[in-house]
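Take a look at the structures below.
The two complexes that follow have subunit A in common; it is paired with subunit B in the first and with subunit C in the second.
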Partner chain A sequence: MSYYFTILSPTDVPLFNIAFGTSKSGGDGIARFRFPDTAQYMNQFIIHSSLDIVEEAQWMNGNMYLKHIDTYPPASAYISAFLTPSGARFLLLHQPPQLPNTGSATGAGGGGGSSGSILGGSFSASALGSSRASASSIAANPTSPQTEEAVRQFMTEVYENYVKTVMSPFYRQGMEIRSAVFRSRVTAAGRKWL
Partner chain B sequence: MAQPPPRHATVLSLSNSNSNSNLSNASTAIDRPHSSQTHMPTPSTSSTGLRVPSNRKTIYDRHLNRSRNAELSRASFAFLFAEMVTYAQRRVTGIQDLERRLNEQGYPLGLRLLDLLFYRTVSGSTSSSLSSSSSTSASPPNRPLRILPLLHLIHGPLWRLLFNRPADALEHSVSPETPNEYMITDNDPLVNTYISVPKEMSMLNCAAFVAGMIEGVCDGCGFEAKVTAHNQPTEMWPSRTIFLLRFGESVMEREKVLERAGVK
Partner chain C sequence: MSSTTKASRIGEELWKTRVDKVNAELVTLTYGTIVAQLCQDYDGNYPEVNKQLEKMGYNIGMRLIEDFLAKSNVGRCANFRETADMIAKVGFRIFLNIAPTVTNWTSDNNQFSLVFDENPLADFVELPDDGRAQDELWFSNILCGVLRGALEMVQMQVEAHFVSDVLRGDDTTEMRVSLIRYIEDEMPPEEE
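For the complex of A and B:
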């Protein structure tokens, strides 16, 4: 599973973004998107195109966490949104790993895909298999309740750190978040929940 | 001359710079502390690009609820607010300009308080019920979607966060021409407690600062509004203040759409 997380201001200015991979089930926390490295802008493109749906859902649902709101089937990218009360949007794009021997990009509903990182691993196959099976609900099925819950926990933790950023007197609304501490906190939250 | 370690060279140059006898020695030594000083702090700071406080605690390490029940001294607040008014009063053209400046000082505070308020209500409820996920999904408060919940948010939780009590009244304009006007009344605003306005500025109400906060909260929630503070003294409450909220056209239009859609 690969993730691309971004924070947008109420006026759609990107404030923060980060790409990371799953750390569950033997993942190494490195994002492996389906696009070639030269086409990483596709993530931003897909995420920003879901903003229209965010703005629709925003007034129909008063929760801060809007759950999974958009899917981009060609890349099997799933987008979850979280809205802060002051209007900043947290968007998370998640993309299940590409199955090695499936041609169709939309057929991602199957079992946990084996990412390339495990190939050289010397772990016992049974231990790996069981740990991957327990997490496969998150990895393989981006719309399952477990995934929603994990994303919600992740968003809530990021929100806490975001509030801390906002409370700083040197931060004005709409400023890019450059703090290295904030980045490491988001990475830690990603490692913990996703 | 090139041999002594840099630390000693710094000391030497300081002691030598007073006497002109050893100029050449001092000048070479002066170069050295520069290079050593610029080099010294980098290993600790370059990794993060950030100056970390000496106790290694950044703002991200502090808990946001720590000051939740802490109280601020009223005297220090009064002093600080008096200074803010004085600051805003510099180079203003009139009372309206002064009120605008106070409003602008309050606005960013409103945006921040909004996030803090929601964070505290969420974390306050989840800390007790973290284990069961079903109850947490129900407990976080909703973002206000309609005007009335927004006004209740300001009237109740926001006022309690700021002043430890709810506001005194919440009214809708009775005039049919101005359905977009709402009023929040505070009988005795804390900000005006220690302020006596001179006669020639009798229109001034320093609670424009609080009006700015309200405006920030409204804007943050996506309700474009203009908020002003007005004096409405009564016999019992000489500093009674009415905050007049005027919502924009776009808000009223959306309100109608949402009403038809049945959104609460």
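For the complex of A and C:
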């Protein structure tokens, strides 16, 4: 599973973003998206395109965590969202690893986009066979309750650190978050939960 | 050692009974705002910001000593070592609810270090990453001024400065305090 996490200000300005891979079931924490390295903007593209749905979903209930709200089947990208009371949006794009065509039961979870046409699958295939065997692992089921829970834990932890970061007297509202400490905490949260 | 534990006990007792408490974040955010504003006003001239903070602290210290003596009701310290314990275990306890460690005495007992395990002024703070703040700004420099001002009012001229700060990536936050001289009561100039 590869993740792309971004924080958007209330006016849709990106304040922070980070890409990382799963550390569960033997993952090495390195992101391996299905796009070639030259097309990583696709992640941002997909995330921003889900903003309309976020804006619809945010009024449905009083929760800050909106769970999985959007899917982009061609890249089998799943978007989860978390809102802060001040209007910042935390968006997490998760993309299950592309399975080899001989794929096993795990294919059911990653469903939609397992067509082999998208670039970038070749280098991840070898690592998959053994380590991604468990069908219940969060890596394989982007919409399962376990995944929703793991993402919630991740979002909550990031939120706590976000609050601390914006409390810094040298941070001004709407400024890009450049703090190395915050980045390392997000990385740590990702390693812990995702 | 016993004077340290005695001072700790006095500090704890006063903190529990005589001190009005305010929300820690109020203090942290107010102080943080002051420093951030100074950095902006002086256009990132951090040595100047340090100087202004020290000056503010000096003015606070000159008044604060009165409050400290009224609250604590402690008498004159016999020597500078006792003074150090009083500052660390009573002064810092009642005003900031921390008790830095007194250490690194010089052999002539005129210089010591205060090592801060925690620093409420610096909670949440990350120094600006402009490449200079990390080397030039002493975020909590107001404390140096407070000590200088307070001790001056009780006939001790001291010099205080930070030598390390966890905000800069150091392992500890350490302030060096040196006694320059005891200020003797000066006789008014004789009339001739």
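Observations, loosely collected:
Following the convention adopted for this analysis, the second predicted complex is superposed on the first by the 159 of 194 C-alpha atoms of A that agree within 3 Å, B and C clash if a C-alpha of one lies under 4 Å from a C-alpha of the other, contacts with A are read in each partner's own complex, and residues count from 1 in each chain.
In the analysis below, a contact is a pair of C-beta atoms (placed from the backbone, for glycine too) under 8 Å apart; a residue touches a chain by one contact, two chains touch by 3 or more.
What you see is a predicted model; the values in this text were computed from it and never measured.
When both complexes are superposed on subunit A, subunit B and subunit C occupy overlapping space and clash.
In the superposition on chain A, A:Met60 makes contact with subunit B only, while subunit C stays out of contact range.
When the shared chain is aligned, no partner comes close enough to touch A:His94: not subunit B, not subunit C. When the two complexes are overlaid on their common chain A, residue A:Arg32 makes contact with neither subunit B nor subunit C. Once the two structures are overlaid, the count of subunit A residues touched is higher for B than for its counterpart among subunit B and subunit C.
Of the two partner chains placed around the shared chain by superposition, subunit B is the only one that A:Glu160 touches, whereas subunit C remains out of contact. When the shared chain is aligned, subunit B and subunit C each come close enough to touch A:Ser168. When the two structures are aligned on the shared chain, A:Val181 is found in touch with subunit B and with subunit C.
Shared contact residues of subunit A, touching subunit B in one structure and subunit C in the other: 164-165, 167-168, 179-181.
Listed in rising order, the residues of subunit B touching subunit A in the complex are 48-50, 58-60, 62, 64, 108, 111-112, 114-119, 122-123, 126, 133, 137, 140, 142-145, 220-222, 254, 258, 261, 263. Against subunit A, the residues of subunit C that register as touching in their complex are 25, 28-29, 31-33, 35-36, 39, 123-129. Interface of subunit A with subunit C (complex): residues 164-165, 167-171, 178-181.
Across the complex, subunit A meets subunit B through its residues 10, 58-60, 62-65, 83-87, 149, 152, 156, 159-168, 172-173, 179-182, 185.
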